[in-house]
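Labels A, B and C are assigned to the chains in the order they are written; within every chain, residues are numbered from 1.
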Amino acid sequence: MSDALRQRIFAELDALILIDPHTHINALDPASRTLADVLGYHYYTELAHSSGMPKDQIEQPDLDPKEKCARLIARLGPIQNTIQYSWFIEMARELLGFDGDLITEENWEAVYDTATERMAQVDWADQVLRASKLEAVFLTNDFDDPLEGFDTHVYIPCLRTDDLVFHLGRSTVRQRLEQATDRSIDGVGTLRDAIGRIFEHFASRNARACAISLPPDFAPQPVSDGRAETALQSVFTQGMDAAPSHRQALSNFVFWTLAEFCAEHRLPFDLMIGVNRGVYADGVFQGQDLYDSRVSLIQYQQLFNAFPKVTFPVSVLASVTNQELTSYAWIFPNVVTNGHWWYSNTPTFIEHDLAARLEAVPETKQIGYYSDMYKLEFGLPKFRMYKRILAKVLAERFVVDRGWSEQRAVALGKRLLRTNVESVFDCGGETNIELFDADA
Amino acid sequence: MSDALRQRIFAELDALILIDPHTHINALDPASRTLADVLGYHYYTELAHSSGMPKDQIEQPDLDPKEKCARLIARLGPIQNTIQYSWFIEMARELLGFDGDLITEENWEAVYDTATERMAQVDWADQVLRASKLEAVFLTNDFDDPLEGFDTHVYIPCLRTDDLVFHLGRSTVRQRLEQATDRSIDGVGTLRDAIGRIFEHFASRNARACAISLPPDFAPQPVSDGRAETALQSVFTQGMDAAPSHRQALSNFVFWTLAEFCAEHRLPFDLMIGVNRGVYADGVFQGQDLYDSRVSLIQYQQLFNAFPKVTFPVSVLASVTNQELTSYAWIFPNVVTNGHWWYSNTPTFIEHDLAARLEAVPETKQIGYYSDMYKLEFGLPKFRMYKRILAKVLAERFVVDRGWSEQRAVALGKRLLRTNVESVFDCGGETNIELFDADA
Amino acid sequence: MSDALRQRIFAELDALILIDPHTHINALDPASRTLADVLGYHYYTELAHSSGMPKDQIEQPDLDPKEKCARLIARLGPIQNTIQYSWFIEMARELLGFDGDLITEENWEAVYDTATERMAQVDWADQVLRASKLEAVFLTNDFDDPLEGFDTHVYIPCLRTDDLVFHLGRSTVRQRLEQATDRSIDGVGTLRDAIGRIFEHFASRNARACAISLPPDFAPQPVSDGRAETALQSVFTQGMDAAPSHRQALSNFVFWTLAEFCAEHRLPFDLMIGVNRGVYADGVFQGQDLYDSRVSLIQYQQLFNAFPKVTFPVSVLASVTNQELTSYAWIFPNVVTNGHWWYSNTPTFIEHDLAARLEAVPETKQIGYYSDMYKLEFGLPKFRMYKRILAKVLAERFVVDRGWSEQRAVALGKRLLRTNVESVFDCGGETNIELFDADA
């Protein structure tokens, strides 16, 4: 009975048309062109490498896409157990007409060829969006992205700010900021002004969020203009060799300034807390980052208190931080739980973390899921995974354990999947509904 | 089959008459007078505030109880998913004759009126205790509570010591201590003597425990009288502005002294570990506290070793500390697991934490649950929630996974719910059985 | 249906013949001689003590084995709920013909007598191995163990290195090293040479792993020979009273040197991370250790990067570290997840930790389980416990949740239980198959 119940709830949730509130899609090239773009996703390269495939076989320069796929497919055997492998199979089944459980050296070429053919169709990206029941996806844009050449109501801009906060000591970053804002930056005043111009540009192009990923030891605090000026001069002079105290002060100053502009522009500030970059130095591209799970949201106490008008959708990298996230979202009006990030984006952690949030965080303050994808083809299997887990938790913990009606459980699921994305990010008003006209 | 099994085990557990070993009940005013006392519970005010209700609408001075309820009810929609909301509904159904799943702007007034009527009955508190199958509840008494005017075998005193350990630098606290003990406190000797008098007073009034809540960074250690004297003089002179080292030394001295008196009076010392007070400065009353989950019981190593004769029922605020608690109770004879506290008092965490304890801590060393309630009406729904989870864990993990008989599983549940409360706190000998005469 | 499915998967897994990759078996005395050896396992003594049995009743010198059992049996009532107690019962049922659920003061003597009789049989150890479906077990050998007098393909040596890394300041340890390597050790050069000789000895006797347990604050890093020399001279002169910085430098030097020899000899280096020794000073033998769960694998970042050719099977003491272990094994090619250690070796933690690993770590990089046993009789019940949980996770999370075939799920289970032990530790080629000839 519980299995049938889960299936019914899943079917209802899977019928919804959604907005994906965080991806790394390139709006000018959103979908894959060959299966190599699919298998080039860091999950496959890093897991293949982790299970023994040499990095240079994966990252050989000018490698032919088909040869890259041949090599990777040959090394996916050891990762067939992973949930990431299941995304690949479900994608192939739903989008490429594959009919099987495993893609191996025996059967991969047909998949490759079908992919090449379908992905060459001019409306492939729209086909994928439609099949995935996604009407829009949020982007992750560099601060100097011109945000031109695409429909910002389908590909919704989001201002990514890691470079501004942590890498302003690199001359290239400073130069990019000067060029993007058409001004020379020589002090705190001009820096603040430049950041303001970036916000204006993003706001004018329908940006719906500001976002940043943060290392475990970051603990934001305000910095006076005087202290920031000293820090800025040191960092601009000495670059990444400036004293840590100066680099930290400048990071704090920029971060706090971003929050001020988020307040002014009424933009939610996505905080993605907990990543250490480059831990495995010889890892494949995007497969080098890990974390120290000893992080606490108490580090953000001052921030959450200082900006009551800024909504902070918070993602945490480690499941052990999820209870703190649950508790902080339960107490702070401006803290919202946001999806299941990266190393916590696997079923066991999602199930545990989701169940905890559903019981104690107001239902209006939970963003259920985002795909974090780089290519559109992954929206479908990643959201499907989440919806299955959501259906399981709703069935077991609400219908069975708490005696809820099925209808009420589905309504709660819908809120996490769709309604809250609209309300938290103030989007969805001008939706891409023509994409789904045929279905409607 | 598993569902029916859970129901049968729950029914057996729900038939037991219990003692609630930790509440914040005011013995002189134990039950609610109107529904505003119910909805004034911080869970509802903080969750309503978290989901958007302005604090001043909740905490307006001299607010009429009915108007307060009208306002809160109108803002509970976003928290209908929470387990805390389910406590409210179950309480209304069981104690107020409400028949429905949601209390909204449409139907709340009848509930309000019924509540006002029933709560005005002279034996309402006893009715609630009887319906809740609670024969006695532990209190949380200030050190200067006269403990008079109530039956200490129904409302069992417990000496709460946060003020003594952490706030002795406040002149009001010192004055209260001097008045309560009728002596001037000017040094370590008189302070120890005063604390001894407090213990004697509490012991003479049937106190069954000493208790304290502790911040995550507290790590108790003994302090010599000489060092304590220096610290005390500094703190008494400079108050809360005294150097942190002095304040910390005095806290440690008082804490250690409390443990010594617990040994002398054979009182268990409830440690509630991990709370940071006032994290959300603008939160509603009792809705400002959070935590840093980076705490370890290794901080209590010296204490547990130094007082082998004192039983420490330990509660931890974060579920990530539960495995340490389980392990420390498995090794240290004087460490007992105690309930599921505050931010860990939601089903997902209770289920995980309870299951872990049941497998590895001697069954005699686990206090299953306490309600932590401020008004008697919450004992029923909170204990019911726990008993449902306990029945689930016993059914799934003992009867199904380990092949236990149903009878044996129920016996284990009974031990956690009732027997251990009696044995650990040495209570239950003179029980309030006349309350249940009619039922018996 | 799910229950029957679990049973079928369990039956398939339970039919496998395994190698136990970590135990504390004494190869010259591998099995128990009386029931006192069974009940002398620290789990029973420490849990009995924790629930009230005085230490001196357990550890009285020259205590008769039967009297020891009589005393312990009388005190096991409070621990009948624990999973450790279930190991005892399952062992007695499967190996001693006991037929019941509880062994108490009423029925223990028959069990004792049967045990004495059976354990006296000359082939008892082989009987136990056969009944347990274990063809070989790894040992935990002191660095100066002669490794003689046993079949190293059944009792596979493993070089335990805690003494070398942490206790070289004790003159007895230094003397043992000098004797074992037949050389005087007076500096870094001779120390490195001695360690090399130890490795050669172990390698010549079929050692398949090097192993160490590590405290939570250990963070290995390379130390120059010059710095190591200074540290070594200080530690050799002042022993355990040497400055912490010197002791730490020497520990780091020895640890790093061990990793270098592991690389040279292609030996996996088992890291068992997180234990604090002697936390409960008055605890029973082997019942004094606990932990601080605030540990991170980021502490091992430099090590994992520096030794890409050394496989590190990693065990973590606390379940809260399991997600980091999962993530590090997902990224680092040389990190392998290894079993469920000590305080995490109980069903709730195993289930959660195992499920997380199965979803995200390449299936070739997971060592499912080791028994950690001191006497052979515990292999059977401990592996059974694990296999039941593995069957549950495979049934619920792979067959039901992910639609896998039963056959595929069993194959994954087999890989964790058997195949990976062979491939990671390069063993199993010369197996003890004659032990199972009768069954085959």
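FYI, a residue touches a chain if its C-beta (ideal position, glycine included) is under 8 Å from a C-beta of that chain, and two chains touch if they have at least 3 such contacts.
Predicted model only: the values in this text are computed from it and were never measured.
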Same or different contact residues where chain C meets its copy chain A, judged by the half mark: different
Angle, in degrees to the nearest 5, of the Cα rotation that carries chain B onto chain C: 120
Geometric centre distance via CA averages, chain C-chain A, whole Å: 40
Two or more partner chains touched - positions in chain C: 294, 320, 352
Footprint of chain B on chain A - complex, ascending: 294, 296-298, 301, 304-305, 308, 320-321, 323-324, 326-333, 352, 355-356, 358-365, 397, 400-402, 408, 412
Of chain B, residues touching chain A in the complex: 3, 46-47, 49-52, 78-84, 86, 101, 276, 279-283, 287-288, 290-294, 318-320, 343-344, 346-349, 352, 388, 392
